[in-house]
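Two complexes follow with subunit A in common, the first pairing it with subunit B and the second with subunit C.
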Partner chain A sequence: MKTENQKAWFFVLPVLLLVAFNALIPMMTVVNYSVQETFGDNVFFWQGLDWFEQILRSDRFHAALGRQFLFTFLILIIEVPLGIAIALSMPRQGFWVPVCLVLMALPMLIPWNVVGAMWNIFTLPDIGLLGYFLNHTLGINYDMTQDPIAAWVTIVTMDVWHWTSLVVLLSYAGLVSIPDAYYQAAKIDGASNWSVFRYIQLPKMKTVLTIAILLRFMDSFNIYTEPFVLTGGGPGNSTTLLSIDLVKIALGQFDLGPAAAMSLIYFAITLLVSWLFYTLMTKDDQN
Partner chain B sequence: MALELRSVTKRVGGVLHIKETSLTLEPGQFNVLLGATGSGKTSLIKMMAGLDPMASGAVLMDGEDVTRLSTQKRNISLVHQFFINYPHMTVYDNIASPLKVAGMAKSELDDRVQEAAQILQLTPMLHRRPHELSGGQQQRTALARAIAKESRAVFLDEPLANLDYKLREELRDQLPELFAGRGAVVVYATSEPEEALLLGGKTALMRDGRVTQFGPTADIYRNPENVEAARVFSDPPINTATITKQGSEARLGADVRWTLEGAAAGLQDGTYTIAIRPHHVVPVAEAAGLVKLNGRVQVTELSGSESSAHFDLAASGQETYWVSLSHGVHPYEVGELHDFYMDPRAAYVFAPDGSRVA
Partner chain C sequence: MAKITLSKLRHSYMSTPKSDSDYALKEIDLDWNDGGAYALLGPSGCGKSTLLNIISGLLVPSEGQILFDGKDVTKLPPDQRNIAQVFQFPVIYDTMTVYDNLAFPLRNRGRDEAMVKTRVMAIAEMLEVTEMLDQKAAGLSPDNKQKISMGRGLVREDVNVVMFDEPLTVIDPHLKWKLRSKLKELHQRVKATMIYVTHDQTEALTFADQVVVMQLGEVVQIGTPVELFERPAHTFVGHFIGSPGMNIIPCSYDGSAKIEGQPVTLEGPVRGTPTGQTEIGIRPEFVSLSDTGLPATVTKVSDVGRHTVVECDCLGHKVNAVIEEGAAPQKGDSTHLAFRQDQTRLYVDGWLATDPE
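And then the complex of A and B:
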């Protein structure tokens, strides 16, 4: 078809402007910082790709990236199966449905920094409810301010507590959309509970699970507030995830160039992994 | 293989939904459950399939009590009104699914699937997904699954209700032959009397959670045991009126009288209901022994080969409308008083409680 005129561009203009101010322009300043060295008084020196090279070669970045992948891997491997299991065991009808739904939604309604603060106080060995109980009642040596393992257990548990609900609610939405007739058909075919899950429930949940996994991946990969409030990246650097490290470089050391380069690398990794996840999970549908 | 229900009942929220029902269903012909929506057809099927718990009673298959046997182990098939296929599986896998679950060897499984697909003309669609099929093809897939499984009992719960009428007719004609000679008890639920008549076999009439009459469909048509059964197989609706019997004489309203014959003549004096099919009420007296009625014509319908007239019996002192159905084209004028002739020997007589007495 021949293009009649170029009017359509005018209709796209508002959103283009919005995206420009909201994303493009801030991002370009980051790009600007990432290729220059800056001192005070807005004096810039051209650096080329030096900062990128420096970041990519730095052990500190590798360590933070490794911790980041470990954290995301742990919470996905726990939250997704746990969320599905909880959704499967929730009632599908009756009085308890709204009760369960509200209870499930509660953790997600709490602001992130409050979650961090809550778990910090909750787990402090001398005054926290959990910390005190573990140390003084059960006699388990648990101190997330001193012991890296304890710190990891705490941030992972906190995230599981905070975000498993998202997987639960999305899976549950998928589950309740399955008509009874499918369960009946499966029973009549002689299918076991596992087959019902594998061939009826899982395929029906697939779309929402894809969304859940993507959201959980992106959120956990970019997580900052909760672990920052809870452990501040410590003890030592043991829970310094990528975003915490980034903020340390940018605002702590005021190394704007390396921080900008790191942001862009960080962004590229998030984008790449999300794309990989999405492509893999939706591969079947395209055939 | 026979499927037997022994005094089964079902409660829903404390209310007795299926009243005590006993039925013995046999293979070789269709067993039609015929009743309006909510009459308990699906409930009965679910009880036979073990999908719904019963309040009391027993289900027997081949004399073996399967009441406590789970659905998975009963070896049955169910085809729904809605086209239930596994959406992410191909037609082939859908038909094969119960066989795979049963752990059948691949070559035998393939033979069975191919055979069922061929019977239902699905061979070219075997590698499609259900959503790529038309409604008729989806329902054929569900039927193919039931056939390939070679189960002991096949339940068809209004399987044609969601198909357009052309497909419905086509599939309805094929159904009896699909299951012929397979040795399975076939139970077919429908709310359309016409389907029961066309499918043949036996019919169980259902009403308010009760089987009101069970037997060969043609027998029910010829010998309804109650007013409801008489009403079911009549299109246009069967004509009913209240009569008073005194001695050997029957009186309808003030001045329609005739002499009762046969069983009706031996009844006690009193009030009865008669029911007579529209084609036994005609506008011209062609035979002897017909009873003349005078009615005011309200609505007339002429089709190519039949004329029907709806008329009221106000002139005979009854607040009822009757229908006359006659061959050929008969000229009626709406609003005119017209003579109609009914054949009293063709009338069913029912006691006040609705049971057939003559």
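And then the complex of A and C:
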């Protein structure tokens, strides 16, 4: 006897509800805001695509987007090679393996706002350890609240400190999964260290590196808490990244319409870049 | 090409080995002649891979020397020994084409492209992979990958020795046979010394002219497949080679051998005066059921195709007999076992102690 009914849908219901309340409904609210103007009291006026046009044409958005890409580019170009280099030099066996792994994982366990606050205090020119050392011992004029370059150096360094470990741990996982026979064969084939890296280690790390770069791209492209606590977007607007600008528009100026349009554009860019990157990186495997 | 000599070789993975059991390899003296096809046969953990890695230079032995044509290479790294090794799992440079894979060892040694091309084409033709040369190596089937690994070993024109570390482990059974005969053919064509490590007696016996049997870090016997079968120097070899293995039956010896008081005639004179544990060794192929001889009860009969293996309880000991054709007995039958005299050997503490008449 085979029973046919639609009861199975009830099992999917909890997931549907969960996704609806934490993603779909908030997202649709944003879409709703992005095409209307409101002055409070739940009074809305239809605006169509005006906000989108305004955002896309605004110099302020272009500048923030440019800073955002620059930031993401800088941290990727530092964290990925650095992470691979650290993973390569970590021991593969013995007492130091767990020690290294724990040390590497530590920065990632610290909450974002704490990292921001730590680096803020760390770099204060008169009382921060690093700030004092640079200004008073080395005599370098370093103050991230005054100097945009110093502010950029600080947020990039902070992100490298906080997140290189992710690249390290993922690369390390890729490295330890390479059987010894590969290294032995390479030795017998007379391969140089560079060849071993280029033809054995890098290809074997490719999958995990793709994931690492993707995660670091998305995280850094959406970064908010750390630079907000550290520089608050300043001095001036020099470290106002997209998310900081978004919050300024939405909560500072209470321009909910443009902010909603901007967050949708922001979301679309993140999605598009991630998709492009992933498609390109995995193209070889499908052939 | 070279003759390889292992002299007083010992190896331990511990930094301060104390007793014999701390050694993965115990005192090995061996000569591998130029151009020979050797198999290194033994159960897992007997030290055969350790020995292989010492010859290839991936491991430096704790004691002793390795000589290639009389030249000491004990401390030389693998790339300076001019050896090739094929591993259990095919090692392939995934991002390269098959051609580049085969060319890799030559290019690393700075050979010019024209010469690389001739060698690669010759090897590819020998391995029958010519039509795959432009493909990415990552997409090949396991047996083709293993062929490419072999090819990288053979592509250098002057390798001293090619070593195979259980190379057929990941290959499908029906392709094993093909690759094995390919290997044999390659050996005849390139005439390099080949050492084939395996725990599979069929692979060892079909590939090699000389088989080196190892157990617990020691070489127990070196011989042709026929010698290993007919005159195992140690009960371990008797057990390990043959299917089923040699019957080893505890006996007493006081001028003549007796199993539980019943006399058994040996093949010939016993060396010296045996002290220690004495055992009779006889292959099941040379045990027959007859009307006279040692009384026995049939406990199990298995038909394995061409012949029948009859397992008997003979005076409290398990003895196998292989019956070629004809009437097979039934389980529970009472019978007598006859041992072919020229194949009945005495082992003292595991080692062969009789000589033929």
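Keep this in mind: the second predicted complex is superposed on the first by the 275 of 287 C-alpha atoms of A that agree within 3 Å, B and C clash if a C-alpha of one lies under 4 Å from a C-alpha of the other, contacts with A are read in each partner's own complex, and residues count from 1 in each chain.
Simple rule for what comes next: contacts are C-beta pairs under 8 Å (C-beta built on N, C-alpha and C of every residue); 3 or more make two chains touch, one makes a residue touch a chain.
Treat the numbers as computed from the prediction; the structure is a model and nothing was measured.
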item: Simultaneous placement of subunit C and subunit B on subunit A, clash or fit; value: clash
item: Partner chain(s) touched by A:Asn42 [first = subunit B, second = subunit C, both, neither]; value: neither
item: Touching partner for A:Ser195 - first (subunit B), second (subunit C), both, neither; value: both
item: Partner chain(s) touched by A:Ala181 [first = subunit B, second = subunit C, both, neither]; value: both
item: Which of subunit B and subunit C A:Gln6 touches, first, second, both or neither; value: neither
item: Common interface residues of subunit A - those touching subunit B in one complex and subunit C in the other; value: 179, 181-182, 184-185, 187-192, 195, 199-200, 203
item: Contact footprint of subunit A on subunit B as seen in their complex; value: 49, 51, 70-73, 75-78, 80, 82, 84, 86-89, 97-98, 101-102, 145, 149
item: Residues of subunit A touching subunit B in the complex; value: 179, 181-182, 184-185, 187-192, 195, 199-200, 203
item: Touch list for subunit C against partner subunit A, complex; value: 53, 56, 58, 77-79, 83-85, 87-89, 91, 93-96, 104-105, 108-109, 136, 149, 152-153
item: Partner subunit C, residues of subunit A touching it in the complex; value: 179, 181-182, 184-185, 187-192, 195, 199-200, 203-204, 287
